[in-house]
Amino acid sequence: MIDIQRRIAASFAAQALMDTLGAKLALVADGEVHIALPFSTHLSQQHGFVHAGAITSAVDSACGYAALTKAPQGYEVVTAEFKINFLRPALGERFLAIGNVQNAGKLLTVCTGEVRAFMADEPAYKVIALMQATIAKVQSEKI
Amino acid sequence: MIDIQRRIAASFAAQALMDTLGAKLALVADGEVHIALPFSTHLSQQHGFVHAGAITSAVDSACGYAALTKAPQGYEVVTAEFKINFLRPALGERFLAIGNVQNAGKLLTVCTGEVRAFMADEPAYKVIALMQATIAKVQSEKI
Amino acid sequence: MIDIQRRIAASFAAQALMDTLGAKLALVADGEVHIALPFSTHLSQQHGFVHAGAITSAVDSACGYAALTKAPQGYEVVTAEFKINFLRPALGERFLAIGNVQNAGKLLTVCTGEVRAFMADEPAYKVIALMQATIAKVQSEKI
Amino acid sequence: MIDIQRRIAASFAAQALMDTLGAKLALVADGEVHIALPFSTHLSQQHGFVHAGAITSAVDSACGYAALTKAPQGYEVVTAEFKINFLRPALGERFLAIGNVQNAGKLLTVCTGEVRAFMADEPAYKVIALMQATIAKVQSEKI
């Protein structure tokens, strides 16, 4: 796991969009990755809530990296597609995007994702989005 | 159409994320909206292509505003969910995200979205992503 | 719960497709519904496994009825859309389709579904499909 | 095309579910397949319309066979996932499910599907469902 944690930390650091959004890698475990996204006015949609696109970017990365924890050496992952439901407005002071591997097949890995909204440092949260994603394994030299 | 064009331009200008990403409103027609996204290194994923999340944010907004062109006065739109397929890496100098209304029901509007990648000012493009989205109409005072 | 169980049993009995497929209502609880589908050669695809469409029909009904357990009196449910991933071939002697409510909003209910494949009466199973569905509440007289 | 048409006709004839539903292969072209589904009371949901599951089964097969028209010799196709929106109740005397290839990649083929509802022999129709599907190519001996 230490190797994969380093590899994911390095890849995450190379995703300039995560820095642009202010997202941080919060946890890397076997088949599960968390990404933290603090509220910021530069992520808003027209009503002042966080834009669905910023929420989606964070949970897409969380699912992709969760899949990567299950990929063999010499393989990268590429998101083939995902579907996301928005359950309520992205209203909160900070958000946590969680990706979990549900099945790692030979070719495709299926992940589910969840985004939680928190007020300040309170432990209570509301689930604001649910994702189901299909991620392809690709040999590194083919990317 | 002039009213709805003004209304969408004002709403788009209030979406700080679009400004953060460098996206511009490029066309507003009845049931169709285009958003332009130039390549920028601050949008990249780990291989230097544009992150799927940035592409998704642009086409999600294009679909949402396309739905808004069909909404009656006093209604706003909220994305309930979408699904997006990534057909190839987001490799290009500029991108165009296009949202089209396929059906405007009493409650829900179904849109399809497409993202095209262009090299500089050439007219040829490759379709890099396809979206299918469900957007709810909500009375303005209820948001 | 007894009222809603009766209502769902009556509705299920009126779904001729469930009878055509040989599906049975196996459990109705608050926010969760199970539908059992035995293997039958008349459900097969070209390789002799159960067709994805039969699996999908069962879990779509399970999600719809799970949503109905959360609907107020005088409301029906209509599936707006769903997404389903097939994790492995539908190989088994019997299948169980499970629908769970994840969020019941004012307008839309989001459910997740899972289909499990069993060999004969063994308790072990494999998850063969995962669904994420959006179900609209509609006043009964409007259908 | 004659080879692939024969191959798809043979595969369709082996899908017992299509016979159970009363579906017929109506057209096989390069990247496009049509499946016809007449209304029948044994396909109904609780309000007497055709069940979403029957509609979905037909358009899933149409998308899968459309993908197969683009697969090289020695390859089969397997549906990895799909998403379907139901635009209105499946009210009609006959239905036509149409699958179209949007992109045939090395590994994955992305198709869109549409289901049209007709009254008797009238040429006018309503689109009742839209699908977006991801289909994997698999070497025949690996199935």
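Some points to look at:
Read from first to last, the chains carry the letters A, B, C and D; within each, the first residue is number 1.
The working rule: a contact is a pair of C-beta atoms (placed from the backbone, for glycine too) under 8 Å apart; a residue touches a chain by one contact, two chains touch by 3 or more.
Please read these numbers as outputs of a predicted model, since none were measured by experiment.
In summary, the chains found to touch both chain B and chain D are A, C.
Chain C maps onto chain D through a rotation of 180°, based on Cα atoms and reported in steps of 5.
One finds 21 Å separating the Cα centroids of chain A and chain B.
The mean-CA centres of chain A and chain C are about 29 angstrom from one another, to the nearest whole unit.
Inter-chain centre distance (chain B to chain C, centres taken as mean C-alpha positions): 33 Å. For chain C, the set of residues touching two or more other chains reads 80-81, 83, 85, 110, 134. Listed in rising order, the residues of chain B touching chain A in the complex are 11-12, 14-21, 41-47, 50-54, 56-58, 60-61, 78-86, 89, 143. By the touch criterion stated above, chain D contacts chain A in their complex at residues 80-81, 83, 107-108, 110, 134, 136.
Residues 83, 85, 87-88, 102-103, 105, 110, 112, 127, 130, 132, 134 of chain B are the ones touching chain D in the complex.
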